[in-house]
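Shared between the two complexes below is chain A, which pairs with chain B and chain C, respectively.
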Partner chain A sequence: MEHEISVSPEEISLPESWNKLPMIAGGVGLISLIASYMMGHGSQQFSFSYLTGFMYWLTLALGGLFFVLLHYLARSGWSVVVRRQAEHVMGTLPVFVLLFIPVALGMHDLYHWTHADAVAHDPLLQHKAPYLNETFFFIRAAFFFAVWTMLSMYFRSQSAQQDKSGDPDITQRLQTRSAPGMVLFAVTIMFASFDWLMSLEPHWFSTIFGVYIFAGCVVSIFAFLILLVLQLKGSGALTHIVTWEHFHDLGKLLFGFVVFWAYIGFSQFMLIWYANIPEETFWFDMRWDDPTWRWTSIFLAAGHFVVPFFFLITQWVKRQRLTLTLAALWMLFMHYVDIYWLVMPTLHHEAFQLSVLDFTCWLGIGGLFLAVLFSLMQRSTLIPVKDPRLQESLAFENP
Partner chain B sequence: MAHAAVVADIDPVAGRAPLIEGDPSFHDITEVVSAPMEWKPPLGWYIFLGVSLCFLGLFGFSIGWLFWEGTGIWGNNIPVAWAWPIVNFVFWVGIGHAGTLISAVLFLFRQKWRTSINRTAEAMTIFAVMCALVFPGIHIGRPWLPYWMFPIPNQMDMWPQFRSPLMWDVFAVSIYGTVSLLFWYIGLVPDLATARDRATTRTRQVIYGIFALGWRGSFRQWLHYEKAYLLLAGLATPLVLSVHSVVSFDFATAQLPGWHTTIFPPYFVAGAIFSGLAMVITLMVICRVIFKLEHVINMLHFDRMARLILLTGSLVGLAYSLEFFIAWYSGTEVELFAFLNRARGPFAWAYWIMVTCNVVVPQVFWFKKARTHIPTLFIASIFINIGMWFERFVIVVTSLHRDFLPSSWDYFTPTFWDFAFFAGSFGLFFTMFTLFVRFMPMVAMAEVKSVLPQAHVHNRPE
Partner chain C sequence: MADDKVTAGDGTFGVLAEFSSPETLMHACAKVRDKGFSIWDAHTPFPIHGLDKAMGLKRSWVSAFVLVMGLSGAVLGMIMQWWVASKAYPLVISGKPFFSWPAFIPITFECGVLGGASGAVLGLLIMARLPRHHHALFNSERFKKVTDDAFFISIEAQDPQYDSAETPRFLEEIGATYVEPVAA
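So, the complex of A and B:
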C-alpha cells in the first residue's frame, strides 16, 4: 500500500441533526403502539396487523445479522465501511423479545392450532400437536431469541472492542465464529418462519418456505442499508468514506437478491401449481380466488421482481442518489406487501381489506426499532475505525 | 516444516495472501502452463488415455447394444421405470456445475483465487455436460428422432410438449452447455494466441492460430474481451441456478412422495455445486502434481474450495432435514412413508451411504488442517462424488420402488449394462479430459498473470 487514506473525525460521528431522532422515533412509535392498542385491543385485526409489522421489522433486523455474519464468513474487504450500520440494525434484535409479547398474547387470535376444540376435531392438527403446541412453541421462540441475541451482542461487542484496541485477532476470531453462527442463523430462521408465518395456516406446508423468508430478509437489509447510509451522507457524514463504489456494490447485491427472491418465490409457486394437490394449492387459492387478493398477488410479483429487475439492471441507477433512493424505498415498501401477503389472507380470506391498524402497528414497531437503532448509532463511530481491512474498504473501486 | 508455514498465512487479517506461491514472473507462468502442451507426453499419459479409450469403447458398444436390443437390457422395470440412466444424467449435470460457479459467480464476487482453477473447472463442466446429454439422448425410446425435441417447423405440424419438464431440461441443459462453451472459449482466446506464438511446428501454429481469432493483445482487444467476459459472467450466473433447478423440476413437479417438495430447486443447486467442487478437487490434486503446478494451484485454492464444499454440503444436510421434518409435519401418510422407507426400507443402505458421504464427511472441512491436507481432500472428494451419485439414486429409485400400489412393489437390481453405461460415461469424460490437458492451456495464463503482485503498479490489495 503506497499511502494510507486518512479519516476525519467529523465524518465518522453521527451528525448533530440526528441527535433528536431517537426521541422522535421512540415517541412516534410509542404513541402509535398505544393508539393501536386502544383502537384494536382484543380484536383479531390487531393481532394480525401487529404480527405483520413485527415480522416486517424482525426480518430486517435478521437481515442485519446475516449481513454481518456473511461479511466475516466471506472475509470481505469492501463492506467494512458499511458494516457498522448493519451491526446497529442487528443490535435491535434483543428488543424484539419485548416486541414479541403482543404476538404471544395474541396467539389465540393468530394461530388456529392453539384452539383445543379445533384440534379435537382435526386429525391433522392432532398429528402435528407434538410440534404445534403452545409449550413447545414458546420453548422454540425462546431458543430463537436466545440465539439471535447472543450472536448480535457478541459480534457487536467484539467489533466495538476492536474500535478501542485495534486488535486484529478479533477479526480472526469473528471470522472463525461466523461459520457456526451462520449454521445457527440458518436453522433458526427456517423454523421461526415455520412457527410464526407458515403455521398461520396450520394445514399448509412447504419445505422452501423458510428460504423464501430468508430471501426477503436479505432484500430488505440491502435496501435499508442503502437508504440509511445515503441519509447519513446527506447529513454530511461519511462523505469521503462511503463512495459510489460502495453503493454500486450494495445496489448490485440488492439486484441479485431481488432475483433470488423471485427464484425462490417462483419455485414454491410453480411446483405447487403444477402438481395441483389440493392440500397445498389452497394456500395459493386464498391469494388468488378473490379478485382483490389476485391483484395483490400480481402486484407482488410485478413490484417485488419485474419492475425492480428492469430498473436496477442498469449501472447508472446504482450510482445516482435519486434513483438508488427510489429503488431502496420501493423495495422496502414491497417487502411490506410481501409480509402482508403472507399474513393477511388468513384473516381476510374473503377480500383484501386494509385497516388503519396495519399502518399504526407497522409505524409503532418501526418507531421503536428506529429509536433503538439511532441511539445505538449515537454511541459509536459510524465506521469500525480500527478494522484491519478498513484501508482496503476505503480504497475500494469497482474493477 | 515448510508446509505448515505456507498453511499458516493463507488467511492474513491485514492484507491478502499472495494467490500464487514462489513469486513467479509473467514469463514463468507462461512456461509452466505451456509445458504440457509442448512436451512429448510421458508414458503415463498414453496409458491413461488408453484406459479411458477402452471405457469409451465400452460406452459406444453399450449404446450400440441398447439400440439393437432395446431398453430391456437395463434393470429398469415397473415400478422403477426411471433408474440408472436418469441417475447418471443428473449426476453428470451436477458435476458440471462447478465450472460455471467458479468462472461466473466467483468472478462477479471478485474471488480472484478462481483464476488458477477456472480453466480446468470449465473444461470439466463441458465434458460433464456432454456425458450428461448422452443419457436422455439414448433414453428417449426412439433415438433416431431426437430432433422432435426441438421446436423445428416440420411437415407433420409436430410441436414439442412445452408442458413437460423433460422439455424444459432440453432447453436448460443445452443453453447451459452453449453458454459454458462460449465462456470457456472466450477465456481461452488470449491463451490460444500464446500457444500460437510459441508454436514450433507449422501445424500447431495454424490450428492454434485459427482458434486464437487473430488475437494480438492490443489495448482495444483487451477492452472488448473484458467487457464480453463480464457480460457472459452476468448471463451465466442465473444459469448456474436455473439448470439444476429445471433438472429438479423433472421430479418435483410430479405428485410422487419423495419427489414433490418445494425445496428441490435450491437444494439441487447446492448439491450440484457440492459435487462439482468435489470433482474439481479430485482432478486438481492429481493434475497439479503431474504438471508441476503446485505453486499455481496451492493450498489457498484447496482451502477455498473446501470451504465452499462445507457450505454447500451443510446446505444439502439442512435440506435433507427439512424434507424429513416437513414429511412428518405435512401429516400426509404417503409422504412420511416415503421418507421412512428411505431410511429404513430395503434401500436404507443407499440412504445411509448418501447421508454419510454428503453430510458427515464434509464436516471434516471445519478444520483448516483438513482443508489443506491433500490426502484428506482427495479422499473426502471421492466420498462426496460417491455420495452425490447415491443421492440421485435414492431420490429416483427409493421413491419409485414402493409406489401407491403395494402389489407392484419391487426391489431394483441393476444389470451388467447399467454398470457398463456408467463406467463408459467416465470413459468419455476422461478421454476428453486427457486430451484437454495435453492440447489446451489448463490454467488461464492471462488471468493468473493479472493477479500477480507485479500486475498492480500501485500494488493495491486484492
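So, the complex of A and C:
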C-alpha cells in the first residue's frame, strides 16, 4: 500500500479501567487457592483438582508460546497486531514453576508409580522405572520449565527491544531461531503431557497423547486471544488497529484446530478400539462403562467438535462480536471439560463426581495467571509499534 | 443462454475498454459499478485484490456447493460402507459387529473431502458457465493481450443502461486508453 496507516497513542495503550485488574485477579486467585487448601476435602481431591486447573492454564500459556513461534516461523504479516497479547500470555510461563509446587508435593496422591510398594508388586511398573522414577521426573520437569522460560523470555525481550530500536534484524533473527524453538516446544509439550497427565495411569500408553494435548492447547489460545482482544476493543483500545479481518482469521484458525483436535482424538481412539487389547482399552473403558462418565465422553465429543464445527463453519459467525464471543467462551469451557475428562477418571473411576475444589483450584490458578498477564500488559504498548510488518498487518484484508 | 439474446439484437456483443494498469482498472470498475451497470465484467492477466469490492460483486456461492457436496459425500460414504459390510457381503472382522462405525469414519471423512473438493470445482465451473467453446470477446484481436499485459472492462449490450454511443464515451471518460465495439 502506498499510504502509511498511522497509529494513535491512545489506541495502543492499555485502557485505564484495566489498571486495577492485576490486583483484583491476584486477590481472587490467592483467596481461592488458600480456601481450596483449607477446605479439607482431603489431599487427594485437592491434588487432582489442582492438577486439572494447573494443566488448563499451563496449556493456555503454552498456546501463547506456540502462537509466537508459529508467527515467526511462518513469517506471517497479518498477526502482528495481535502478537503482543500472545507474547504476554507466554510471558506467564516462568510463574508456572511456582504453580508446579503443589503438583510436586501432591505427586504421591496423583501418581501411583511413585509408591515403592506398588512398584514392587508390578512388573510393568518395574519395567517402566528407568523412565517413571521420581528423580528423573523432576529432572525432566526442570528441563521443561527451563526451555519454556528461556524461549518465552527471549522472544519477549527481543520484541520489546524492537519497540525501542525498530531494528528489522531482530525479526530476521527471531525467524531463524523460531525453528529450533518450535522443535524444543514440540518435545517439551509432548513429554510434559506424558509425565503429568498420561502417567496418571502408568499402565496405559498412547504415542499420540502429546499431540492431543497440543491440539487442545492451540484451541484454547485462539479462543483466549479472541476474547482478550475483543475486550480490549470494547474498552476503547485498538479500535482501528485490530479489525474484523483479523478476528475472521483468528476464528478460522479456531475452527481449523477444533477439527484438528477431533482428528487427533479420534485417531487415538480408533487405533485402540480396533486393536482391542485390554492393556490399552481399559483407559477408554474407564470413561465409558460408567453411565455418568459415558455422558461426559459424549458431551466432550459433541461439545468440543460437532457443535462448534457446525457453528463456526459459516463466515458471518466469525465476523460478529456476539457469535464469536460465544464460540470462544464455549471452547474455553470445553477445554476445561477435556482436561477434566483426562484427569478425573483416575480419582473418581466409579462415577463422575464434581467437587467445589475443581472450581476453586481452576479459579485460583487462573486468578494468578491473569494477574501476571494483566501486569505484563501494563508494561508495554498493545502492539509491536516498530515491527517491520506492522503496516502489512494494519492493512490486512481477507482475500 | 446470454449469447442467444445478443445475437437476437443488433449484432453487437457490447463494448470493450482497455486500461493501462491495475489501479486505473480498479477506479474505473468502481465508477462502472456506481453508474449502475449490471451485466459487465473485468478481465485481468492476474488476480487483483480488492477488485471484487470495486466491482460490487456479492459473495460467491461456491462455498454452498462445497458444503452440500461435502456433507452428501460423507453421508453416502457411510451408507456405502454400511451396505457393503452388513448387507451385501457381511464378514466378521476381528470379532466386531458388522456395522462397526468407528472403522468407517476414515473413509467417510475421505468421501466428505472428495465431495467437498468436487463441489468446489463443479460450483466454480457452473458459476463461471464453463466449459464453453467460444465467447464473443474472442472476436476482438486486442483482447488477446488479456493473458499478457492488458486490463479490460467489457459491458454487454443487453445491459439495460447500455447505449451504443453513450457507453463508449463514458468508458473513455473514466480512463480507458482504447475502446472498441465487439461483434456478437
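Definition applied: the second predicted complex is superposed on the first by the 395 of 399 C-alpha atoms of A that agree within 3 Å, B and C clash if a C-alpha of one lies under 4 Å from a C-alpha of the other, contacts with A are read in each partner's own complex, and residues count from 1 in each chain.
The rule is short, and it goes like this: a residue touches a chain if its C-beta (ideal position, glycine included) is under 8 Å from a C-beta of that chain, and two chains touch if they have at least 3 such contacts.
The model shown is predicted, which means the values in this text are computed figures rather than measured ones.
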Chain C versus chain B on the shared chain A, clash or fit after superposition: clash
Touching partner for A:274 - first (chain B), second (chain C), both, neither: both
Partner chain(s) touched by A:399 [first = chain B, second = chain C, both, neither]: both
Chain B versus chain C as contact partner of A:388, first or second or both or neither: first
Chain A: partner with more touched residues, chain B or chain C: B
Contacts of A:236 with chain B and chain C, given as first, second, both or neither: neither
Touching partner for A:124 - first (chain B), second (chain C), both, neither: first
Clash-bearing segment of chain B relative to chain C, given 116-124, 152-160, 278-286 or 296-304: 152-160
Those residues of chain A which chain B touches in one complex and chain C touches in the other: 270, 274, 276, 399
Partner chain A, residues of chain C touching it in the complex: 49-50, 59, 63, 67, 94-96, 102-103, 105-106
Residues on chain A engaged by chain C in the complex (per definition of touch): 266, 269-270, 273-274, 276, 313, 315, 397, 399
Contact set on chain A toward chain B in their complex: 1-2, 74-75, 77, 123-124, 127-128, 131, 168-169, 171-172, 175, 179, 183, 186-187, 190, 194, 203, 205-211, 259, 263-264, 267-268, 270-272, 274-277, 279, 388-389, 391-392, 395, 399
Residue ranges of chain B in contact with chain A within the complex: 11, 13-16, 109-110, 238, 241, 245, 249, 252-255, 260-266, 310, 314-315, 318-319, 322-323, 326, 329-332, 366, 458-461
